[in-house]
Amino acid sequence: MDFDFTEEQVKFREKAREFAEREFSSEVARKFDREEKYPEEIRKKAYAEHVIDYSDPWKVLIAIEELCRQDAGLGISATVPYFGEEVIMLFGSDHLKEKYLQPVNEGKSLMGLAVTEPGGGSDVAGLKTTARKEGKNYIINGAKMFITNGSIADFFVMLVRTSEEEKRHHGLSAFVVESRFPGFKANKLKGKLGVRATDTAELELNNVVVPEENLIGEEGKGFYYIMTFFNISRIFVAGQGIGIAQGAFDRALSILRRKGKAYSEKEEIQFAVAEMATQIQAARLITYKAASYLFNFKPDPTITSMAKKYAAETAVFVAEKALEVTGVDGISSDLERFYRDAKILEIWEGTSEVEKLIISRNILKEAQ
Amino acid sequence: MDFDFTEEQVKFREKAREFAEREFSSEVARKFDREEKYPEEIRKKAYAEHVIDYSDPWKVLIAIEELCRQDAGLGISATVPYFGEEVIMLFGSDHLKEKYLQPVNEGKSLMGLAVTEPGGGSDVAGLKTTARKEGKNYIINGAKMFITNGSIADFFVMLVRTSEEEKRHHGLSAFVVESRFPGFKANKLKGKLGVRATDTAELELNNVVVPEENLIGEEGKGFYYIMTFFNISRIFVAGQGIGIAQGAFDRALSILRRKGKAYSEKEEIQFAVAEMATQIQAARLITYKAASYLFNFKPDPTITSMAKKYAAETAVFVAEKALEVTGVDGISSDLERFYRDAKILEIWEGTSEVEKLIISRNILKEAQ
Amino acid sequence: MDQDSYRMLRENVDEFCARNVEPVSLKMEREGMASDLAKKSGTQGFNAAIAAQSNGGSALDRESYLTILERAARSSPSFAMFLLMQNSIAGRILEAAGKTGEIGEIASGAKTATVEFLSLNESSSAEYSINVSNGKATGKLRNVIFPSADLIVFLHQDSLYLARGSDGTEPLPVLGFRGLGLGDVVFRDRPVEKLSENGGAKLIMDALKNAGREVSAVALGITGRSVDMAVEYSRVRKTFGRPLKDYEPVAFQLAGFKAQEEELRSMIFFSSVQDGYIKPLATDLARRATKIALQVHGGYGYLEDFGVEKFYRDSMTLSIYFGPSRSDMRNLSREVYGEESGVI
Amino acid sequence: MDQDSYRMLRENVDEFCARNVEPVSLKMEREGMASDLAKKSGTQGFNAAIAAQSNGGSALDRESYLTILERAARSSPSFAMFLLMQNSIAGRILEAAGKTGEIGEIASGAKTATVEFLSLNESSSAEYSINVSNGKATGKLRNVIFPSADLIVFLHQDSLYLARGSDGTEPLPVLGFRGLGLGDVVFRDRPVEKLSENGGAKLIMDALKNAGREVSAVALGITGRSVDMAVEYSRVRKTFGRPLKDYEPVAFQLAGFKAQEEELRSMIFFSSVQDGYIKPLATDLARRATKIALQVHGGYGYLEDFGVEKFYRDSMTLSIYFGPSRSDMRNLSREVYGEESGVI
């Protein structure tokens, strides 16, 4: 067993941390949080400085951690322009890879993933947006909800229903849908509790014509593609969780240090510090284990779901405890933003409830 | 990073599991629990079958896990005859190693560690048993409490006060004290909540004459030796925790399987299964990380304390949840014993409270 | 009754327990409840506290009965469970069945009673193999609390039967309430009396449902005593030169539990909140409080002699025997939603 | 007052909130509380609910005032916090200082008031740089809740002062009670009036201590409304073809929180348990309940529009602003132990 990063990875982590500390100052983070604005310049800079290096998934995970550690809104914004890429990479045609992925990998365009629908959520197989074949095109109608990068992405990997006859999840297919296609409309959702620098929108699809070559893989296999993708992306969401937790912990320690020993040596405070540190350590290890399996092409969906669930809970737990131990000083500092940001992790990319069902079903299946 | 055991270790785990399943039947475990009897025959058998292999610390850890998974009382009894050995190994003279450790390693004699005193507990530096130098001997007076193997061990590594003048923990020294020395008396403690197959005693020391060559290392360094030892032994206690947790989980799953889908597919049950599995996974990883660092001679006391604390909590949490999900079936089965056994882990070898203080102090020190 | 009378009752129970229960509490855990305690308790009117006076009962009001259970649980949860079984379960069922003679026997402590009810818990999958014909029972009852009781009420094909004694008991591992034990009960051509034709399960379920506040009172006593013991221990036990109570986590946690004990008490005794709301909170509190109480005692807490570990075992057992089982939670959900919910 | 009167009062508050608070609740979160709401609330007698009638107050009894706070918090915790600040903190202090004129202004809503009190919290290390001489103040107050209030009571060298308005405010990141905001307050040669010579800190601490049940009532309202919203949402929102409420964990958790809400209510309104016991339990419950309520709403819960996330923010903020701070817990420990404890 080996629990350490390579020297190269350690160096990369320092670089990502340095970038985040330099670019994500408290003032900048507060500004984007207040204004609910997507930080396009920061995204470009992170790309230009190779803080985002898609050639090595470990580096992606590390960058997510270190950037979210400084600020989740900015960190997620800078690392999410590729969101959904693996679906095309694994299942798309060469044409789609060349046309759509290349500009994304060059930092020139942004993409998104559009699965969830209004009133939908966890029940992916129950989605209602339809794609009807007409000649060499598909006509898409419906709506998507809570779509990250919704109002800024150039295109989306979108899951829609192509058949009403098949069993629920066999009737779904994935397409690349460009935002400039006529009939596509995005309404940015304002007023989120946290991660307010990230872009989130509701999409309306009104007779959007999509050429048949934009079908990803085979018709009817979209559900499977997306579930495969989630088993990848959940690891990166776990990375967000570790980052937020670590960032809240850093800030709590720094406030405690400032307050001095008489305050920080109280047992209640010390116990809380130990609880936070232990849970972060545990979340980190599960996440790295899931990542190690995935990045070595032997993914374990049970451990991946554990990582997502546990890291999300850890982010929420640590942000809460950090406020508790720092009190008035904490709540009037950046920590309050960490508290708001953390909560989304228990909701997106599979709520904690869904993760638990996945874990449990896999285990009860194995046990039989 | 690498999260997998070697093939040899996997095979050894199977062997240990096979031994435990064969020897620790429900009937045997219940009998020793009821009668509060140390299972001397089982200990010998485990030694003879090489389930206890002290040449490889990973194998010791694995054996502890697999044996406690089947039954904590028997599992700990079989793996604890060497308790305290590292103190002599690391700090003792060749004479002590030869005279005392060799028979232990050959399965011929049993040892124990005697640190805690009546009314003592976590405050090791405050202990009151004294050793007074007289010629070429030390004369020991005092009492020890909650001593594992207390009424069966042939000798003990005992921490006592050799100087009243030094700062509290600088006045402590470690000795090898044989149970056959005149003035030594052990009173077996009956009526423990759990791990009732293990032997626990109160020791009385009334003018016990110990030859000066039985001093381990240097006078006044005993506190340091014992703390170093705890940073090793805590990893094995964490292994007990993982074992108990996994064993309770196994039993819960088996009861759930017997009850059938209508019962086990309820969401409340599924959520509990997921919580248990995730926490066991996390406890395992922290423990293995701490072990990996220690076994590679770069111990990290913070992670070791995290492992002890987290694994102990996991054992208690899983035993409790296991009873919750299995209800009447569970409470009238072996699970009730796991529930009783688990609780000791939060108490011995450093209570969870002490572990938290260690973790927190190390972190707050680092952070400065 | 006025407040002074309740106070006097409480003092009476405490005095009875100090004299007759505390001294044998550990022995009871190890060897089971001695029959003379039932008789002593009978002389106080505790065994048929809520039964009609005409049946030999004490016809106490709810608050009095709850007080007895709480105070009894502080000395010995096993003894409290004995009273709960005599009064809330067996007593109510036998009284409803018109068995006034048996109520009289229970009241005096001449006879002890139990009702097999764990088979009705949805978490139980133990299968019965009882056969009743010509007024005689043969077979085995599984998971009987207090299997050594003189009067055994059990269910067979939805009818209730009463057996006087058994033809042997087979003890099961028993986590809590060891004074009563847990075991399988064997009948061999045992004469039994039919108490009710059909609807037997409902009679038992109703008795259990009505016992919600009473179970909560037992949980309250367990909570209160275990926390009090921890508070006292933390005054005298020193570590690093200071009493445990000086450490924030010890003092704050125990103080927090005292607060919750008060909250639960006000809910059990003084509010009109329904039983269904109270029981899950009560058993949950008892479990959390006893765990901390044991932990505060350190290694000593792990020893039976110190008398705190039994609360840890009993609180868990109480929550399994009496809920919050999932059916309780479903009932509670139905109340909250005004319709079926929590069914998947 | 009799039970009918309390019911009528509750209905009145609910009607007032439905008309005047609910519709502006979201706007209040985003832009702060509008001054006309203070005036409308004044016409109902809410702003000086417990002040003497001779001072323009409503002189309501405790249960009535607690009812107002609870019901107000259900619509807008910010509004409830406004009332708490006017009545329990500023009102009590100004009344004690004999500032009857100001009480009258507060009563009508013509003026709003705040008291800087977070500096007394042991978790605050913000340093003040206020200088008062010749009846004029210069410098900066840190961490003032509701910094835009017309009347600002603050502490300087253990004396209490009253300033009418300020020379600027500097907003701080504010997690909860956004209707009131949080910020630093700047004075530049601002005329101030001395309210008390010395003992000022004690006056504020006493007001805070006396507000324990009132803070708990706000927590109760937050708990109740957020759980009710989740219950309603779980009826209509479907997943996998079934309403959320059909799933055990959803129904059981929410039902469990309704039970705890009832428990807390019975403690706040109907028990004689001391405030020190109640507040930690109340704020803790609010935090746990609002987290689940948000989670049940899924992604929608994360949007301000749905009105549930504010409860999540406000409950946390309430527990920081008003405890259970460690000094509360120490007070509670002192009560339980009858001596100092929890000091290390």
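Going by the order they are written in, the chains are A, B, C and D; count residues from 1 in each one.
As a working rule, a contact is a pair of C-beta atoms (placed from the backbone, for glycine too) under 8 Å apart; a residue touches a chain by one contact, two chains touch by 3 or more.
Note that the coordinates shown come from a computational prediction; the quantities given were computed from them, not determined experimentally.
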| item | value |
| --- | --- |
| Identity of the chain that, by mean CA position, is farthest from subunit A | C |
| Higher-contact pair (C-beta pairs counted), A-C versus B-C | B-C |
| Euclidean distance of C-alpha centroids - subunit A vs subunit C, Å | 50 |
| Between subunit D and subunit C, distance of the C-alpha-averaged centres to the nearest whole Å | 42 |
| Subunit B and subunit C: spacing of chain centres that average the CA atoms, whole Å | 36 |
| Touching two or more other chains - residues of subunit D | 247-249, 252, 326, 329, 344 |
| For subunit B, residues that touch 2 or more chains besides their own | 266-268, 271, 353 |
| Residue ranges of subunit D in contact with subunit C within the complex | 231, 234-235, 242, 245-248, 250-252, 254-256, 258-260, 262-264, 266-267, 270-271, 273, 276-278, 280-281, 326, 329-330, 332-333, 335-337, 340-344 |
| Complex interface listing, subunit B residues touching subunit D | 266-268, 271 |
| In the complex, subunit C residues that touch subunit A | 247-249, 252 |
| For the subunit B and subunit C complex, residues of the former touching the latter | 30, 116, 119, 121-123, 126, 145-146, 189, 191-194, 258-259, 263, 266-268, 316, 320, 323-324, 326-334, 336-337, 339-340, 343-344, 346-348, 351-353 |
| Subunit B-facing residues of subunit A, complex | 1-5, 253-254, 256-257, 264, 267, 269-271, 273-275, 277-278, 281-283, 285-286, 288-289, 292-293, 302-303, 306, 309-310, 353, 355-357, 359-361, 363-364, 367-368 |
